[in-house]
Amino acid sequence: MLSFDEAYTAAIATFKFLVLCSYEKKRLPVAVMDGQGFRTISLVGLRQPCIHVEFFAVPNALVLAHRPGSVLVELISVLTGKRSQVSEREGSKSSQQPAWFNYTDSHEFMERVRVGMPPLIICVACNGGIQGKEASEVIPETADEIAESVHAAYEAGAVMVHIHARDPKNLTLGARETATWREVLRKVRQHCPEIIINATTGASPAMSMEERSSSLAAGPELASLNLAPDMSKFRLKERRPPLLFPRPPLEIDECTPYTYGQIHQFAAEMKQRGIKPELEVYHPGCAWVIDYLIENHLLEKPYWIQTVMGYQTGSFPTVDNILQLLKEFPDQTLWLCSAIGAFQLPLTTFATLMGGHVRVGLEDNVYFSRGRKAVSNAELVQRTVRIAHELNRPVATPAQAREMLGVRSEPSQY
Amino acid sequence: MLSFDEAYTAAIATFKFLVLCSYEKKRLPVAVMDGQGFRTISLVGLRQPCIHVEFFAVPNALVLAHRPGSVLVELISVLTGKRSQVSEREGSKSSQQPAWFNYTDSHEFMERVRVGMPPLIICVACNGGIQGKEASEVIPETADEIAESVHAAYEAGAVMVHIHARDPKNLTLGARETATWREVLRKVRQHCPEIIINATTGASPAMSMEERSSSLAAGPELASLNLAPDMSKFRLKERRPPLLFPRPPLEIDECTPYTYGQIHQFAAEMKQRGIKPELEVYHPGCAWVIDYLIENHLLEKPYWIQTVMGYQTGSFPTVDNILQLLKEFPDQTLWLCSAIGAFQLPLTTFATLMGGHVRVGLEDNVYFSRGRKAVSNAELVQRTVRIAHELNRPVATPAQAREMLGVRSEPSQY
Amino acid sequence: MLSFDEAYTAAIATFKFLVLCSYEKKRLPVAVMDGQGFRTISLVGLRQPCIHVEFFAVPNALVLAHRPGSVLVELISVLTGKRSQVSEREGSKSSQQPAWFNYTDSHEFMERVRVGMPPLIICVACNGGIQGKEASEVIPETADEIAESVHAAYEAGAVMVHIHARDPKNLTLGARETATWREVLRKVRQHCPEIIINATTGASPAMSMEERSSSLAAGPELASLNLAPDMSKFRLKERRPPLLFPRPPLEIDECTPYTYGQIHQFAAEMKQRGIKPELEVYHPGCAWVIDYLIENHLLEKPYWIQTVMGYQTGSFPTVDNILQLLKEFPDQTLWLCSAIGAFQLPLTTFATLMGGHVRVGLEDNVYFSRGRKAVSNAELVQRTVRIAHELNRPVATPAQAREMLGVRSEPSQY
Amino acid sequence: MLSFDEAYTAAIATFKFLVLCSYEKKRLPVAVMDGQGFRTISLVGLRQPCIHVEFFAVPNALVLAHRPGSVLVELISVLTGKRSQVSEREGSKSSQQPAWFNYTDSHEFMERVRVGMPPLIICVACNGGIQGKEASEVIPETADEIAESVHAAYEAGAVMVHIHARDPKNLTLGARETATWREVLRKVRQHCPEIIINATTGASPAMSMEERSSSLAAGPELASLNLAPDMSKFRLKERRPPLLFPRPPLEIDECTPYTYGQIHQFAAEMKQRGIKPELEVYHPGCAWVIDYLIENHLLEKPYWIQTVMGYQTGSFPTVDNILQLLKEFPDQTLWLCSAIGAFQLPLTTFATLMGGHVRVGLEDNVYFSRGRKAVSNAELVQRTVRIAHELNRPVATPAQAREMLGVRSEPSQY
């Protein structure tokens, strides 16, 4: 093993490029330094070559895999330092700007394209509360499965996780007790020391408002807050043995009947517990409720608002409809975009190029491409990271995301 | 009384203008014929002068009030005939085109501006089911009041009425029995021989789905069909004596929890009874339900879709949001626009200039201008007619409206 | 003749309504006073016209025609005084707000609808530089004709005039000399003591940049400033005797080739002379030039920007395209809307309901309705005023318009 | 070297994945085949490992680099065949649909997302006519440089090239003679047997209309057709020795004054020569000219329209403005998107996810990321290909692009 100085001097002297890889299983190359500066990149194919070596030399390049505690970590930090200096020169405007901006203002968009978009917050929606292994065997259901699946996604670049805990007595149902929630959150935290934990209060249609709020007492850092009654009709696949808790196919035709009073109560409990609400926007009418919550002092800036695209009965999942939703956002909003099924990929890419943030994962979409299921939450996150790198958009670290969101820098403990 | 020939010859020979007034109480001047052709106009003040005379001469003008059965009716029909000839020359494209068009297509809009918009269908929403005389003493509640108020609006130019029947045992509540509905519809028909009768199924939040459908068995020609669950929070004024059925002020915080199944059932019953549904669109997400209804063969063309602007939790009442709703409409749709409170006036005017159709009336708005309540449904309809005339938009007759909508030409009987 | 007190007391005591009519042939009613207050209705022309009849009684109403110097003028002023008091009570929020707002922001639009739109500035584009009496015999060409036509429009409610002076040696050509311009402006001022005078620099395609700026030295209060090169192809009708300066029909296929440098020069001369530029926007690309002018300190707030709809090669004349133009406007802009031909009526009505300002007149449109030519600039202005009144939008006085625009309160003198 | 059968059998038997790389210098991995089917991918990092080997084995994968004429080409074609079969099963709807669709129709967009977007046509704008090596030394100027640079971009995935030939006597000026143009086109064809050749008629502001059309006589397959006069102001860098034809920095303040007549003439010449026009749209006003050309029978379907974003004086380079341009497109249009500078990356990515087509290259943008210049046209094309692959969008082959565009399948010869 080379010392830091030796490594760095040798690298600079010998190679035209330094390629930084993450150390974890996937060993994604994440950055390149060359004569023209430091930049994040999208190089996925180098994974395998880096499995057994710390350094992997190819003509004109030095490929480095970092491991916590090794000198390579320091090398990265030095390079990161250089990166900051570069930023000061080139991107000074960007670093002085807040993460939020008016996404539909032409001048603000143009300015951000020129100086650089803020780091991308990637949220993994790991499992959802409606469908489970009958839809895709890799959807995590138990606390252990969730923790493991989220860990891989975290390694891949997710800095936030949106969780639906399940009832251990029947994994096809949502958790209704705080103890169940706490067990899931504890295990996730154990595997992902810095991830931002975001719990659902949406749960499933059949649940009471009290049962929905069982997640809040478990102490997540964020929680989803639905802003409108929801009506939908769909079919759930049969769940067959050997899956646990088999059941026949189900035809669902439901309405979740929210009122202003109930939404108020959820928001008030979140405020009292120090949990940041993630506001779920399905159609432009939800803007009335955002106004209501602001007028009632139930929200803190910056607002964190998700455009949830593709659900019945929200706006159709198109770019124009998203712009229309953004237009109604209050000032100082960070926008998170999710979309179901085949719309996840194009619309989260759209959010990435627009300066918004993205949610991907198996809750919303079990396919990687037409006819080919995703093998893990991590696989969907990896693609998001690659696309961000192609678009020269930095991916937020947990610390950056916490600062951008105004969430405590100390991760929650359970 | 002059014969037709005498009247017409004298008119042409003597006067520079012929001004046609409607004969009914309001005696609105509705058209002018002069050397430059026939055109509809907006002159309100001339009403009273025409009460006692058939001809009223002012310098250089002949003002005619028509009365069914008199020669003046024939004079009008002759003038109307001239108007048709003018239309054939100038507006032949217009007369060959269907009433519906793609409202957000630039070329179609430009073409319609050039050749003339289709006749404007004016629907009067006479009372609504939420507030009554405590909000404005001119809101009609009983069957007789409704019939009288609608009659005046019909005389003023409304060709469709949207009705909420009330429970005679408690006029602050919606009717839950078909007999009650039939009584209201019968009286309206008695006063307004050709008006198109449109009954609510929206009723009030506290009502069951069965109670809501009590209107359908009474046999309206159209009925409203809500396309989404609705959530709202508002205050109802105290209803004080001497008003009947007094009650304290009410704080309402409600959700009407529709499902696809329930909407399907309403639409199926309407189809079976030959009632045309008026599709109530609050936000772009309602387009999912329109697709659903079309796929399930529950609708007939042309569709009749209302953009309902200003309700919680619909899109904010702005022009841009209406355009966004229109964009999702299916082909062959006639668009009706309503908006509550202060938005009724600008947004129905917008619909008028765009080629859509409008709903005005006390259900949606009890004010004529800031600080000045409307004195009747008719007053709001009269303003709509004046604006249409200013915009050179003809106002549809009942027969025209029935043909445009595909509703039976024979008015319903009770 | 009754005295004022007698007239007023008699009116209040006897009649349910007071209806004010203009005196001219048409005797258009312009205002009503009843138990619920004073409000203007459709027609304003009351200024000069009301010459021979004083009272015109009909059952339940007193119809008044006013004549300058008579007691009826005072009656009007009393009624107007009542109106002001009403305004002070109801419209307090409105009066504290600036005239400009962000037209495409939902919350700002909704607020303005609720509290009342700012007074409407009506600009009359009296003649234009392209077509003359061969297109409509009422287009004014000579200085005297212009002054007379503008005077009638001013009486009808126009507070600004946009003028194209003509070369007296050939009235089919634009004026190229400052003396010619000054003569026109002088006569207009003579007839219209307070009107805001706005001169073109657009002139006609064949003119040099120097010739275009001949209007500036004559000292208008505003001047148009084109923001983009313009390309168009059209046919000018034959100009036949007895019209002066006859010529054959002309096929025009032209491009007016502006550069940033030339636009800079026009703006700099206007700034130096204290002339406020009216920025002519044809398509969204003109926003680059507005940015340029602001960055070069050539503009003062509030900006006065005209969306010019319907010209080749601007955005198609649709509502959606106007919204798109407005979206790019800088803060603190007053929006003026014009549109050619059949689009003048619907699109200026749209601007009226949106809180923008309007330009009407024979330059842009010689028709009143399909097949019927406008008889004067005043007729088009009168309709605009009627529509504003129907929409409860006050019409700006010259003093109000000068304050809103930041133009000197002392009218220019020549 | 293995035979095809040996290679394929060995691959299938031994490895979990087959990774296909392109053979050329860059050796981009372009596809993976595994148990779940064939899909295109974005793996760039494997380049170097594949330089010297035909096969490069890593655990569980077989990495193949193909070389024209080797068995690996056949292996690829076999795999491509499998891909087609997959497509027939999964994407049958997609293959039955035309390449064009209504990009702003929600239902059409949603349908295309579900069934798969048409293949992506990548056009490389290799050099432009305004700036040269003084801006980036890798901008090709001579015929040989152009041919070489385009060849690399073609290998990377570009199927169309947009070319500005230069005057060999002064490479800072555009070519004005057909012979010069033909020399460039001949060399490009020599290096890129199937590429679609698209020549400018835009040239540079100082050029006459006749000089601009010198490219047409050289026989390109497409040619650009500007649809509006253009005004811009910018600075060209100094061109210093050792660059040929040095010149001082230049301040440009220009207007290119097109007329309808000139555009008509260009279009007519293209039609006569069988050259498909690429319609250059800068702002929505250009839609007038498209209407004009269609009415004058100068265009053939499908139309090929480019939204040119970021130029003065076009619409600001935002997503919303692009949607507004698309809204005005005629039916049966294929949309190509270009954008200058920092906007090239986000806006061409936007077009990729929307189902449009993209133009990238050094004409519009000399940077790869902030502060780091692109090393070649090919590098920009490679990124576009990687992004398309991430978005599961197939990249069009020359044959596919020719069919989609309605361009002769036989490449032009010189």
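Letters A, B, C and D name the chains as they come in the text, with residue numbers starting at 1 for each one.
Basically, contacts are C-beta pairs under 8 Å (C-beta built on N, C-alpha and C of every residue); 3 or more make two chains touch, one makes a residue touch a chain.
Because the structure is a prediction, the values reported are computed rather than measured.
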item: Chain whose mean Cα position lies farthest from chain B; value: D
item: Pair joined by more contacting C-beta pairs (B-C or A-C); value: B-C
item: Centre distance in Å when chain B and chain D are each reduced to the mean of their C-alpha atoms; value: 54
item: Gap in Å, rounded to a whole number, between the CA centres of chain C and chain B; value: 33
item: Whole-Å gap separating chain A and chain C, where each centre is the average of the chain's CA atoms; value: 54
item: Residues of chain C engaged with two or more neighbouring chains; value: 106, 287, 316, 320-321, 327-328
item: In the complex, chain D residues that touch chain B; value: 104, 106, 287, 327-328
item: Sites on chain B touched by chain C in the complex; value: 36-37, 39, 42-46, 48-49, 51, 58-61, 86, 89-91, 104, 106-107, 109-110, 113-114, 116, 316-321, 323, 342-343, 345-346, 349-350, 353-354, 369-373, 375, 383, 386-387, 390-392
item: Complex contacts: residues of chain D adjacent to chain C; value: 227-233, 253-255, 257-261, 282-289, 292, 312-316, 320-321, 324, 327-328
